[in-house]
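Structure provided below as structure tokens; questions to follow.
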Amino acid sequence: MQDVLSLAAQNLLSPIVLFFVLGVGAALARSDLTIPEAVAKGISLYLLFAIGFKGGVAVSNNGIDLTLGMTLMAGVILSFVLPFIAFGLLRWISQLSRTDAAAVAGHYGSISIVTFVAATSVLQSSGIVAEGYMVAVAAAMEAPAIFSALLLVSSGGKGRMDGALIREILLNGSIVLLVGSFFIGWITGAEGMAKIEALIVSPFQGVLCLFLLDMGLVAGRGLKQGRAVLRPGPLVFGMLMPVIGSCLGLAFALIIGLSLGGAVLLMVLAASASYIAVPAAMRVALPEANPSVYLTLSLGVTFPFNLTLGIPLYLAMASAVHGG
Amino acid sequence: MQDVLSLAAQNLLSPIVLFFVLGVGAALARSDLTIPEAVAKGISLYLLFAIGFKGGVAVSNNGIDLTLGMTLMAGVILSFVLPFIAFGLLRWISQLSRTDAAAVAGHYGSISIVTFVAATSVLQSSGIVAEGYMVAVAAAMEAPAIFSALLLVSSGGKGRMDGALIREILLNGSIVLLVGSFFIGWITGAEGMAKIEALIVSPFQGVLCLFLLDMGLVAGRGLKQGRAVLRPGPLVFGMLMPVIGSCLGLAFALIIGLSLGGAVLLMVLAASASYIAVPAAMRVALPEANPSVYLTLSLGVTFPFNLTLGIPLYLAMASAVHGG
Amino acid sequence: MQDVLSLAAQNLLSPIVLFFVLGVGAALARSDLTIPEAVAKGISLYLLFAIGFKGGVAVSNNGIDLTLGMTLMAGVILSFVLPFIAFGLLRWISQLSRTDAAAVAGHYGSISIVTFVAATSVLQSSGIVAEGYMVAVAAAMEAPAIFSALLLVSSGGKGRMDGALIREILLNGSIVLLVGSFFIGWITGAEGMAKIEALIVSPFQGVLCLFLLDMGLVAGRGLKQGRAVLRPGPLVFGMLMPVIGSCLGLAFALIIGLSLGGAVLLMVLAASASYIAVPAAMRVALPEANPSVYLTLSLGVTFPFNLTLGIPLYLAMASAVHGG
Amino acid sequence: MEKHDAKRVAIIIEAIMESRLRQALEGAGVTGFSVLPVLGGSGRSGSWSRDDTVSRGGGMVQVICIIRPEKLDRMLEAAFEVVDRHIGVVTISDCQVLRADRF
Amino acid sequence: MEKHDAKRVAIIIEAIMESRLRQALEGAGVTGFSVLPVLGGSGRSGSWSRDDTVSRGGGMVQVICIIRPEKLDRMLEAAFEVVDRHIGVVTISDCQVLRADRF
Amino acid sequence: MEKHDAKRVAIIIEAIMESRLRQALEGAGVTGFSVLPVLGGSGRSGSWSRDDTVSRGGGMVQVICIIRPEKLDRMLEAAFEVVDRHIGVVTISDCQVLRADRF
């Protein structure tokens, strides 16, 4: 416990968390600080490019592990199953309609790549290594949850899924860039890394700070608009669900035999909620669901929770349980 | 004198000044070279982030100085007082209306952060260190001059100041980012610096070149549009006022006992004129004032003057007077 | 031959080529991956800034060579003459109208700066140095071909050239930034380089990857829209013409006595086709020409050909012939 | 200068629906339209701004279509099918065009 | 397709005044509007372009508001108070809307 | 609120022609106009999108001009000379303006 707290305290004072807090504060104080849309998109492209490539290079350096296939499958199962748990929990502790609950549930099966990146950098500063292919697992976990969410409402005749939407989901820009960079990193290996290292390794943490500043601004503005959503039920859900997800993630990690770092990352993926891919899919497939409910919960509650308390907590949990 | 000239010559041939000149030249030759708005904003966010953070780390390394409070106060006083001097001078040597003169005067009390950054890098290449908290002084000097400008016209019934505007001025994005980064740098100190150094230290000069290219383009286009403004009176004002400001800044610095570097920076802050925060505030509070007058003077005359001749001059003045 | 193939294979597996392929693939699969316009423009400004400056510094380090003037002249002649060859070839092997053929021809006299940059980095990884002033030659070759294209249609009464257009062509943003940075690099030399190296040298390859990803996306989307254009005639032209151009470039290089690296770069300039400056000029001066013909050929066929096979081929050709 | 009567249809719709609207319009034989960016706005579902979203799904666009009056109804039906369940505004106004041969 | 008469008000105003205009509109009970970017322009106060400013204060935006005819005057008065001393253009035109229940 | 009749001319034209159109308008004594970005579109020459071009020449812009009715024809002639051989759409519609003294 002592350990979790000190880890959490240390995490809370890291630049990335502080810049997130700055963003939230600026938004709540109604400062006009904004990061232009094109710059924010450019930064997110950079992050996907960098972590995909680094993951691929790691795989190229360490060779492929027998656990790769199993971890991918675990990720897909988690993404598919978590929404059902989330839906049950939500219907139990909140007054959300079926449609809204299903839409929210879909977000919690999917993942937040920035939470993943933040966890990676916490691992790094603790000197813990993780399987390089975890970014591929992240990519694999983006979409299945969307199908679960639509299954959850299909009885009510709602939720439209067509070929165009399936293609959009599976080939959305973030996935393509992440997976593409992963394979290019894998193919070009250490030699490729030597060429582009100066762009994707050393400045990474600094760029991440700027991105978290932007996420803080967006989350803060979302919180101001969406405060009506934040009744006790949904609020509790937004902090309980990630913990439940992380436990399931940990269970899978132990079964598969992932390293400590890998276990933490799988927990973080299970614990985090989407705020890019899934909202977009929901607007198309389930326009009746209220976006401010799912955005406020995923970006305004769960993301900050994971960033500040969740990651150290999952690391402590995994350390306690993991054989070594 | 010899020394000033050689310093000025060296400064004139630095990449940042040459890129500014390239921008002015391209604009005057009507090239279609432009930096997209989002990129220019992104660069300016980067600069604020970097200098704020570096300032904070410097304070964390060197501890707080007794002079901090006094320098902040000096900055606020300068910002508040300079517009009255500027107004008097303008009414004396130019035919500007009261409203236009007050608007211009407000700009000269406030500051130009890029001039500050350029001065910092001149100090750096001369191996002169300055108090890290000078960026906080810069932030503190942005706003007071706006109130002076509005005081200057209030007798005429013009100038509208309301709560919303005051909040906008005090919480404008640049100030929030600069001060926020300053505090985060202060809190995270050398450890935080180690994490994001690769982004905010080594590439800084190069990014500054691109930003000055953009400023050159904007200043050049402004000069072309605003040449009607450039009658002898305002022109002389645009080069005399910064020198007056710098003398006042030097006086304060000597009284407070700032280091040589700190004295130069306070002079530069006093000498520089705003072209972002104050114009925006003037459009809201004093829409009758002609923007092309104040923008042409501050960005087209005073900024280039400070960048090329002013900074070396102030450094020479301070060196001559400063005890050591 | 063996050598060419191994060089080509190695080139095909370099990160920059793989990212281009990723972009083309994503576009053909109709992924929504896009690089925001402002970011793409920002990156291209960065590339021009970096290669211009580096070229200038190289000239400052090595001094001016007697061959500079001759190479510039060779570039202008190539740019002026190549469109006539291209026009003849096109009229012979394709059914394009005079207007379309002339417009296409203009593109092949001019140059692609990204192909030039890609060649530079192939040279670099092969440890071959080239004359620093080749970037100035690149700039000099942008425009003359446009005049040739308009000459080719002037008999038909088409093609409008006026003073405004000539100024736009000669002072277009890319040329001004490239040439301006070149001169600033020349003036500030090694000292200037030391200041901005961290921005323009080490991260360069990584940024180039992102830019080629964007070019792949654009080329892929262009290919999908323009497939109607890709009848055998134009397709053959798009791959034959660069080889013809490179031979002419090689001949000039041998006459002038350029180094091996310089020879390859002159070949690449002659072989590459414009997709920025010339299309823009053609829309103004020759709006009757079909943009999808010239864009599909230059960006969809010749650019990928040069990037993947052309550059290694030209390097092999030059190595075979070059005295030392 | 000869002018011809036409209709100007402006559809404000979520950016994420743009490709579907484009397809529907093309399916209905609409020969031309332009897409304009929208920075923000306000409506029954609250107010929004382009800078307040990490996601590309948050924004809206305005599709403008100049069309011959006789083609209007077919176009509106096609557009309506896409807009139907979604937020968005469809307006029609009268205008005149030069160069009507182009439509 | 049923259409309903409405008014389309377009206000070109400095970006810096946007939040004040938004507030004034909301205060006047205007239920919906959209904000579009403007890249540049020309007027009595000279010509400008979005790329020609280091400051966010330089640009303009266009606020478009589709409104029931009976609400027009109240809205114009609210808008006018904000635009009043500032540069900017206010135009009103007739249009028709689908889905009028939404207004 | 007093309103005055005016014409609203909207010209969608290639961005590369914008400066020429601006000049032509100024030459014809047009005192005010605004330029809006266009993200993409579709027409006889195929469909395009702003993100699908490495070149600045690919995009279009919309020039909007509010003008007194009596000045309309002179303006259209000036604009037409620029648009003439190029792709683009010119529409005219009726509108009303506040603060007509400004035009």
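As written, the chains take the letters A, B, C, D, E and F, and residue 1 is the first residue of each chain.
Quick note on the criterion: contacts are C-beta pairs under 8 Å (C-beta built on N, C-alpha and C of every residue); 3 or more make two chains touch, one makes a residue touch a chain.
Remember, it's a predicted structure, so these values are computed and weren't measured experimentally.
Undergrad: Going by the contact rule set out at the top, which chains touch both chain A and chain B?
TA: The shared contacts of chain A and chain B, listed by label, come to C.
Undergrad: Can you list every chain that touches chain B and also touches chain D?
TA: Output, common partners of chain B and chain D: A, E.
Undergrad: Quick check on the contact graph: shortest path length from chain B to chain E, in steps?
TA: Counted as steps through touching chains, the separation is 1.
Undergrad: Select the chain at the greatest separation from chain A, using centres from the mean of Cα atoms.
TA: F
Undergrad: From chain E, which chain is the farthest off, judged by mean CA positions?
TA: C
Undergrad: Please state the rotation angle, between 0 and 180 degrees and to the nearest 5, that superposes the Cα atoms of chain E on chain F.
TA: Rotation angle, to the nearest 5: 120 degrees.
Undergrad: Could you check if the interface between copies chain D and chain F is built from the same residues on both sides, meaning over half shared, or from different ones?
TA: Under half of the interface numbering overlaps between copies: different.
Undergrad: Can you compute the centre-to-centre distance for chain C and chain E, using the mean CA position of each chain? Integer Å is fine.
TA: 45
Undergrad: So, what's the distance in Å between the C-alpha centres of chain E and chain A?
TA: Between these chains, centre-to-centre, one finds 39 Å.
Undergrad: Could you state the distance in Å from the CA-based centre of chain D to that of chain E?
TA: The separation of the two C-alpha centroids amounts to 19 Å.
Undergrad: Give me the residue numbers in chain A that touch at least two other chains, ranges are fine.
TA: 32, 34-39, 41-42, 173, 203
Undergrad: What positions in chain E touch 2 or more of the other chains?
TA: Answer for chain E, listing residues that touch two or more other chains: 36-37, 47, 49, 56, 93-94.
Undergrad: Please list, in label order, each pair of chains that touches.
TA: The complete list of chain pairs in contact reads A-B, A-C, A-D, B-C, B-E, C-F, D-E, D-F, E-F.
Undergrad: So in the complex, the part of chain B that touches chain A is made up of which residues?
TA: My answer: residues 36-39, 41-42, 45-46, 49, 167-168, 171-173, 176-177, 180-181, 184, 187-188, 192, 195-200, 203.
Undergrad: For the complex, which residues does chain A have touching chain D?
TA: 34-37, 40-41, 44, 164, 173, 214-215, 217-218, 221-222, 225, 275-277, 279-280, 283-284, 287-288, 290-292, 299
Undergrad: Could you please specify the touching residues of chain B with respect to chain C in the complex?
TA: 13-15, 18-19, 22, 25-26, 29-39, 42, 202-203, 205-207, 209-210, 213
Undergrad: State the interface residues of chain D toward chain E in the complex, per the touch definition above.
TA: 12, 36-44, 47, 49, 60, 62, 73, 76-77, 80, 83, 89-94
Undergrad: Residues of chain F touching chain E in their complex?
TA: Residue list for chain F touching chain E: 1, 3, 6, 8, 22, 25-26, 31-37, 61, 66, 93-99, 102.
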